[in-house]
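Across the two complexes that follow, chain A remains constant while its partner is chain B and subsequently chain C.
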Partner chain A sequence: MKKLPVSKIQELFAAIRAQQTLYIPTDDASGQARYLPWQEGMELTHALNTVRSAKDFFFPQTENLVEFKLKGKEIEIIDSRTEQDDFVIFGVRACDARSFTILDKVFLIDPIDTYYKNRREHGTVVTLACTQPEETCFCTTFGIDPADPEGDAACWIAGDSLYLKARTEKGEKLLSALDNLLADADEGEIAAQQKATRDIAQKLPFAKLNLAGFNGENLNKLFDSKKWPELSEACLGCGTCTFVCPTCQCYDIRDFDTGHGVKRFRCWDSCMYSDFTLMAHGNSRNSQVERFRQRFMHKLVYFPANNEGEYGCVGCGRCLAKCPISMNIVKVAKALEGEVQ
Partner chain B sequence: MQELMLAKAKELLQNGTVNRVLGWQAGEFVYDITPAVFESEQDLDAGFVYNEFCGNNLSKYLIKESRKEGKVLAFLKPCDTYSFNQLIKEHRIIRENVYVIGVPCEGKTDGETLKSKGVKGILGAKSEGDELIIDTLYGEQRLSKRDALTARCLTCKSKKHVVYDELLGEEGEEVPENHRFEEVEKLEAMTPDERFAFWRGELSRCIRCNACRNVCPACSCEKCVFDNPASGISQKAAADSFEENMFHIIRAFHVAGRCTDCGECSRVCPQNIPLHLLNRKFIKDIDAFYGEYQAGEDTESRAPLTNFTYDDVEPSIVYKGGKK
Partner chain C sequence: MMQETLIPKLGVVTDIRIDTPDVKTFRVVGLDGKKVFDHMPGQCAMLSIPGVGEAMFSITSSPTNTEFMEFSIKKCGCLTNWLHAMDVGQQITIRGPYGRPFPVETELKGKNLFFIAGGIGLAPLRSVINYVRDNRQNYGKIKILYGSRSKQDLVDYHEILDEWMADDNVEVYLTIDRPQDDWDGHVGFVPNYVKEIDLDLDYNVLVCGPPVMIKFTLANLKELGFQETQVYTTMELRMKCGVGKCGRCNIGNKYVCKDGPVFRFDELDQLPNEY
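Now for the complex of A and B:
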């Protein structure tokens, strides 16, 4: 483990920036925390987490895939990909770091999504341990330790020091390039902070959230629950919950008619939308009840059934904070737990 | 007030005036209230709540609810009654199927507003005089109720109900000194370039979740053009940021003269985009060009933009930047 005085954090940022693009969570002009490319003087936000999740770095909301140009009777096919430079994302929370692992399970299995893979390979994730979780946080439900985040490298801000620890080869490489700024440190120095954070995590309102029984075996029971209409009754069918979610991964592929060709792009899609998975015969889920059920069944049942029990949620709490009608995965899980436990 | 409302709801359920109740349901925290339909006294006892966190405008749900079997009781706050009237005017709600009870409102707060004031880890809240005492993971915090108000409630236009079958509590007054156009005036004072930059900055944060549209009582089209794959402009995400901006401008035009300024769009935006400013600009201009008009105030009058009078402002005013 390494450390440097927090007062030198700008020097650290500058040193990283000298090698590659650096993104940090900062307050933008409107006062919201979001990732922006670091420039001299830009400071870390005091907010616990960014409003928008970090998934854009690897899975952007819109992305051009390929272009077709018509030349007489010939079609020219142009790969729209641009060269990806190396970049560092600093200050990712433990929940969001885990979301990358979940996205990997979708995009890096056969057939590999080369657009995603390209970004993932060029990105180095530096996480930052939490010290003041919000009441909406329930990462511990998914075995995530907010005091010991994953990532290529992890860091802690405790007292006057910033502690850093490499966890992967990429992390090692980053830290060794910064070696002249860093001093050696002992793991014991962050132990007190970690304990304090874990104590708070124990006291969070959803610390005891129990997802036992949400698995493939109970698929039909949960799918057929009589509770879905009531739960989804007030749902607006907006895409807020899916778009703020770091693990929602569905996308649509669309063609943009340029007048003399086609630009094929993909964009985030939402199971809450009426034209989600629209096919020639029409839509497979015609009511909001069915669409609503899809989102929660996917996260709590289908995903774990296909991924050795891993849920499609990391407990970041964004959907809890942002749903216009305050309906969310926790309320759904609590309402349905009686069916399976 | 909650007790009064509960008693009233039970009474009307019992005597058969209505067969269900549209209201607000308590959540896991103090602030995460969900609109809900209650069908029995047990349902009501289990979750019905009315307090300073019940901000959701319930009127839009009545489009669907009023088409169901039997009469529904709807509790409406003053601002909700404007939306209700407007939807009646547009023939979207079947009036006979709704029993409206007006409930008083002293202004609302919500979790996001408390957090924007630096409150972290909210576990509970109670009101005490002029203060909100908030129990948090990190100790007790106090906020004056005024400071806790949501932005839209700070510029509330009226605490008076424009429609009801029955009223609970005391009727409020209109608030003539509501200062709701002050922010618009600030925008008007900018140069066109500054204003353009302001809006591009704000709208660039949009994630096209459509929450603003879906919550909006004026956005009640059966099928929005943006949801129609055959329209050629249907999209979930824009091809470029200009298209993103256009979505909002088109929406603002479509609700112009029909927007009651209920403030739901800005309340729900996960990216905190001040969408209400677009609509307020229209409201302000309509007031200036066609005479004072408040959408939803009544169900009969002709709306300025769908009416013609000889005093109407000349279209050329558009070319002069809206200045007479």
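Now for the complex of A and C:
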């Protein structure tokens, strides 16, 4: 483990920036916390987490896939991908760090999504341990330790020091390049702060969300629950939950006529939208009840059924904070608890 | 760079056959004149006209056809309207093959096979039928029941008459929904006709057609004594990626594009009824 005085964090950022693009969570002009490319003087936000998740770095909201030129009956296919530059994301929370490994289980299984893989390979994730988990946080439900985040390297801010620990080869490489700024530290120096964080996390209202029985075995029982109409009744179908969600990965592929050719791009899509499953001959999920059910069944039942019990949720709490009708995965899980226990 | 599954290949349409008032069969090869890729019966491909759209279609031709692929496509939406309006020589984009095929080399090998199709539902089954006919020694008896709204709506009618019905090793039963002057064959709906055919219970059944036809056909097959484990179908839901990542074609935890489109009914029975 290494450390440096927190007062020298700008020097650390500058040293990283000298090698590659660095993104940090900072307050933008409107006061919202978001990841921006670091420039001299840019400070870390005081907000616990960014409004949008960090999935954009690897799975951007829109990206071009391929281009076409059309001439009469002829088509030319142009692979317009360019090499991705190396980049560092600093200050990723434990929940968002876990979301990357969940997205990996979608995009890096055969056939590999090379767009995602390319970004993933060039990005170094530096996490930052939480010290003040909030009431909407429930990462511990999913076995995530906010005081000991994953990532290529992990950081802790304790007292006057920033502690850093490499966890992967990429993390080692990053820290060794910063070695002249860093002093050796002992893991014991962050133990008290870790304990304090864990104590807070344990006492949070949703820390002990009970998901026993939310697995493939009870798939049909949960799907057939009579609670879905009531739970989804007020859902506006706005899709906000899916857009702020760090693990929502559904996408659309569309063509855009540029006037000189056609760009085929993909963009985030939402299972909450009526045209998500619309076909020429009908729609397999015609009502908002069915679309609402799909989202929660996917996260709490289908994904774990296909991924050795891992849920498609990291407990970041963004959907709790952002849903206009205050419906969320915690309420759904609690309402369905009785169906399987 | 690695081959990306979302980047298609080019194909060219070398023949367009008008099958019915709303179905055409398109012959597609690569720009080099050869097949763009190999497939197994029941697998699908993503066809696209850039700027119009991209959609999943079952590959109608048999893998034993080494020269070209065929797609029988019903005009029913934006992309299919465009495809129906194009001329021979048009280039299209194609990617695939996608999905789990009919288990012609495993579960179905050596078995008696009963094919039941309705309307455009013949498209995916034609691939299996011709594969099985070309590998005739590997399978038992073959019966084909095909029905449509009218005589004019029978897809591949000439292939059925000239090849399947002329084949002594294949029994073909055709039906249309309502009587018409130039038809002296069977009249009636497919599910009802199933019960009129002399059939042993040792057949494996492959059924494809409109959902309502499949529903009543399955019910009647069960009434006759068939088990769900003997009956296969092929599903169709909205797809974008074709590889189980874009998230829309799922039935429960299964993706139709990747885990299907071919399912046995006992497999479907374990999934939510959302299709």
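One rule holds for everything that comes next: the second predicted complex is superposed on the first by the 337 of 341 C-alpha atoms of A that agree within 3 Å, B and C clash if a C-alpha of one lies under 4 Å from a C-alpha of the other, contacts with A are read in each partner's own complex, and residues count from 1 in each chain.
Convention: a residue touches a chain if its C-beta (ideal position, glycine included) is under 8 Å from a C-beta of that chain, and two chains touch if they have at least 3 such contacts.
From a predicted model like this one, the values you see are computed outputs, not experimental measurements.
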item: Chain A as common anchor, with chain B and chain C clashing or fitting; value: fit
item: Chain B versus chain C as contact partner of A:252, first or second or both or neither; value: both
item: For chain A as apex, the angle formed with chain B and chain C - C-alpha centres, to the nearest 10 degrees; value: 90
item: Touching partner for A:65 - first (chain B), second (chain C), both, neither; value: second
item: Touched partner set for A:196, first chain B, second chain C, both or neither; value: neither
item: Which superposed partner A:42 touches (first chain B, second chain C, both, neither); value: neither
item: Partner chain in contact with A:280 - chain B first, chain C second, else both or neither; value: second
item: Partner chain(s) touched by A:327 [first = chain B, second = chain C, both, neither]; value: first
item: Touching partner for A:269 - first (chain B), second (chain C), both, neither; value: both
item: Partner chain(s) touched by A:74 [first = chain B, second = chain C, both, neither]; value: second
item: Superposition-derived minimum Cα distance between chain C and chain B (Å); value: 8
item: Overlap of chain C and chain B interfaces on chain A (superposed complexes); value: 252, 269, 278
item: Complex contacts: residues of chain B adjacent to chain A; value: 27-29, 31-37, 56, 61, 111-112, 115-116, 120-123, 136-138, 201-202, 205, 207-211, 213-215, 227, 229, 234-239, 264, 267-268, 270-272
item: Residue ranges of chain A in contact with chain B within the complex; value: 28-32, 34, 48, 51-52, 61-62, 132-135, 200, 203-206, 233-234, 236-240, 242-244, 252, 254, 256, 263, 265, 267-270, 273-275, 278, 320-322, 324-328, 330-331, 334
item: In the complex, chain A residues that touch chain C; value: 65-66, 68, 70, 73-75, 77, 79, 81, 106-107, 111-115, 216, 219-220, 223-224, 249-253, 255, 257, 262, 264, 266, 269, 271, 276-281, 284-285, 290, 294, 297-298, 301-303, 305-306
item: Chain C residues within the chain A interface of the complex; value: 1-2, 4-10, 50-54, 76-78, 80, 86-87, 89-93, 236-238, 240-241, 243, 245-253, 270-272, 274-275
